[in-house]
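Structure below; questions to follow.
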Amino acid sequence: MIEVKNITKSTKEGRQILKGISFKAKKGDFIGILGPSGAGKTLTMRCLNGLTKPTTGEILITIDNQVHDIAKNKGKELRQMRQKIGVVFQGFNLVKRLSVLENVMIGKLGQINQFRSLFKGFNNEEAQKAYEALEKVKIEKLAKRKVASLSGGEMQRVAIARAIFQEPVILLADEPIANLDPTNAKKIMKRLKPLSEEMPVIGVFHQPEIASKYCNRIIALKDGTVVYDGNSDISEDLLMDIYGDELQEIENQALVSAPLA
Amino acid sequence: MSMLVCNVSLGALSKGIVDGIAFLGEMFPPDFSALPDMIYPAVETIMISFLATFFGALLSFFFALAGASNISPMWLKSISRFFMATERALPEIIIILLLVAALGLGPFPGVIALAIGCIGMLGRLFSDAIEEVNAKTIESVQSAGATKIQVIQYVIIPEILPSLISNTLFRFEVNTRLSVLLGAVGAGGIGYEIFYSFQLLEYERATTAILVVLLLVFMSERVSDYFRKKILSNTKLK
Amino acid sequence: MSLVIDHPYLIPSERLKKRAFIFSVLAIIVIGLSIILDLNPLLFFTDGHHLINLLGEMVPPNVDILWEKKSIFSSILETLAMAFLGTCFGGGIALGIAFLAATNTSPHPVFRFIFRGLMSIERVIPKLVIILVFVIAVGLGPFAGMLTLTIGTIGMFGKLFADAIEEVDPEPVEATYATGASKLQVIKYCIIPQVLPSFTANLFYAFDVNLRSAIGLGIFGGGGIGFEIHMAMKMLRYKDALALILFTIILISIFEKFSDYLRAQILNEQTLK
């Protein structure tokens, strides 16, 4: 369960990018965050994850029946909270020279005692669990391959496995399919959806059709505020209103690549 | 361009050339009987170079971590980079002169001098390599809650490992050459043998020592090249 | 599906054993070598006070020596001149030899073989030896040093230049030959302009290297600052020595920055053209 309470974010020069964003997310939600460039989608995600601190507002996350505020914590407390937040990025962000299995295990580094990780490394139980995480995204056969030799779609699945391995209470995805071709994008969305049954999944998506198709809730941002928070039946007119001219570009791109249906 | 003519006397050169060539004649034929005496010093030189490269690389790595802007606070990075640049400007000869004055002759100051000498070059190369690690990868692992040390161990070291090893091997070559030079100043090994032979005026003996040096340098080059090629092909295929 | 069954070698405990093994072997080698060489690191701590004593004697550095003793000033000039002339002569000769050694400009393959061979040999002979020979030939002092650096530069850069000449774009060369130009004309108008930028850049680098070597050679009879530092240490005039060393560091740093700047300028001009 995560609750965002009226967060704002201003730059050092005083320009306000986020102007008061609030929403709640719980188990079962597969939320797609939409909006034109510059609306503040990625910035919101970074606040949720603790990579950036909002200027004002609270982000309350419930871990083990205790409520913590991500916006207020730093250092060790923040790290502990982040262990429980799984993130999948646009650029996959895996350690290319390590094996797939090792990359997944890295997900739990925060939960392993520092000394042990320094000398002994991971233990067998963790390796087994990591392997099971790979099974969940159906790439356990690639466990020993170096990440650098995988395709984009496979890499993203490893990233998801790493996030799952953390046993998080929430999964965040920042434009996870932006670098993938349509076939792989479809595969990834199909992997993400079932995860929402166990925890809230919040993803930023560049293409509204994809979000509408797979997510069960849409939050649209424009100019740093929430302009729509409801189910995925978002109307064409409203999208036009939000995106303006950009909508045409996005639809053109979608037409050029193969249909997703 | 201004021409600074100092102490250059062509007259002396033409006269000296004859002496020089005559001298070269005295150095041949090489006195091969001295060869067995050269074996231990040669090995000693390599040992010095090996240990110095090992410790030097280790030392440089820590300086490099401190000097990388993506994982080190600004003040630490500036200090470290400054120190590395200063060290680069210090010829190893001077370092060993200082160490010999403090610690006496022998391989000990030699190893230390060469190890310290690595910091300038390896430190900077390693530091640059660390800075080139994809920032987003570091960020994403930190998102999962890892500490800085864990990030260094599980992200940075695997990513820069080929560059680490390759540069260290190259430095081994350089250190072998330097080890010979430092030997003449008192670090022992075959450098000292050359110097000593000259002092005893046994020039043929010196020539044998020189030939051994050629062999050493050549071999260290081969070994280093071989392993570096292997690493390069390893990384390419993956 | 179990990790143990499908990929047994991925189990962390196995890999840990492997890593521990490699680490132990390395540790044994290092410790073994240290013992052989009588390298007792504890000595560093027990005898470390020697270092501290030395440092104590060296500080504060006697900076006045730089302008008091006139010979220091000339030593500095000597070192700079050594490096400079060594680079100039060495570079010039290297360039000439390079033309003889490159496949596309060499009059005869024999030249190529001989000169490449000579350069390889020179690279391997330690400068120590070369300077000893020259010292016998022309006596102690910067002249011997300069000659050594010249030869060193030829060895280092002869190969580089020869390679650069061989990598020149062959098309304009062929075109110029086609107009009936002689070999020398082709070299002058086609090849030299193409290798000039890398030649100049390398020359600056050579100067940097030679400056450092000049200091080192000073100890073995080359004169210049190196000699002064060595003398100062031998005569236990540590404060003087430190002053000279600090000055050397500053000198090298200045020249490095300066040559970097010049190189950037020249290369920039080349690319803008």
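Order as written gives the chain letters A, B and C; numbering starts at 1 within each chain.
Basically, contacts are C-beta pairs under 8 Å (C-beta built on N, C-alpha and C of every residue); 3 or more make two chains touch, one makes a residue touch a chain.
Please read all numbers here as calculations on a predicted model, not as lab measurements.
Write out the two chains that share the greatest number of C-beta pairs in contact.
Greatest count of contact pairs is found between chains B-C.
Chain with the smallest distance from its CA centroid to the overall CA centroid?
B
Look at all chain centres (mean of CA atoms) and spot the one farthest from the centre of subunit A.
Result for max centroid distance from subunit A is chain C.
Could you tell me the distance, in whole angstrom, between the mean C-alpha positions of subunit A and subunit B?
48
Between subunit A and subunit C, what distance separates the C-alpha centroids? Give it in angstrom.
52
Compute the distance, rounded to whole Å, between the mean C-alpha positions of subunit B and subunit C.
11
Send over the residues of subunit C in touch with two or more other chains.
Within subunit C, no residue contacts more than one other chain.
Across the complex, what residues on subunit A touch subunit B?
49-51, 79-87, 89, 91, 93-98, 102, 106-112, 114, 117-118, 146, 148-149, 159, 162-163, 166
Going by the contact rule at the top, pick out the subunit C residues touching subunit A in the complex.
1-4, 6-7, 9-13, 15-16, 19
In the complex, go through subunit B and note every residue touching subunit C.
Contacts found on subunit B: 4-9, 12-13, 16-17, 19-20, 23-24, 44, 47-48, 50-51, 54, 85-86, 89-94, 97-99, 101-103, 106-108, 111-112, 177, 180-181, 184-185, 191, 194-195, 198, 206, 210, 213-214, 217-218.
Show which residues of subunit C lie in contact with subunit B when the two form their complex.
Of all residues in subunit C, those touching subunit B are 30, 33-34, 36-40, 43-44, 47, 50-51, 53-54, 77-78, 80-81, 84-85, 121, 124-129, 132-134, 136-139, 141-143, 146-147, 212, 215-216, 219-220, 223, 226, 229-230, 233, 238, 245, 248-250, 252-253, 256.
Under the touch definition given earlier, write down the residues of subunit B that touch subunit A in their complex.
Against subunit A, subunit B makes touches at 134, 136-137, 139-147, 149-150, 153-155, 158-159, 161, 238.
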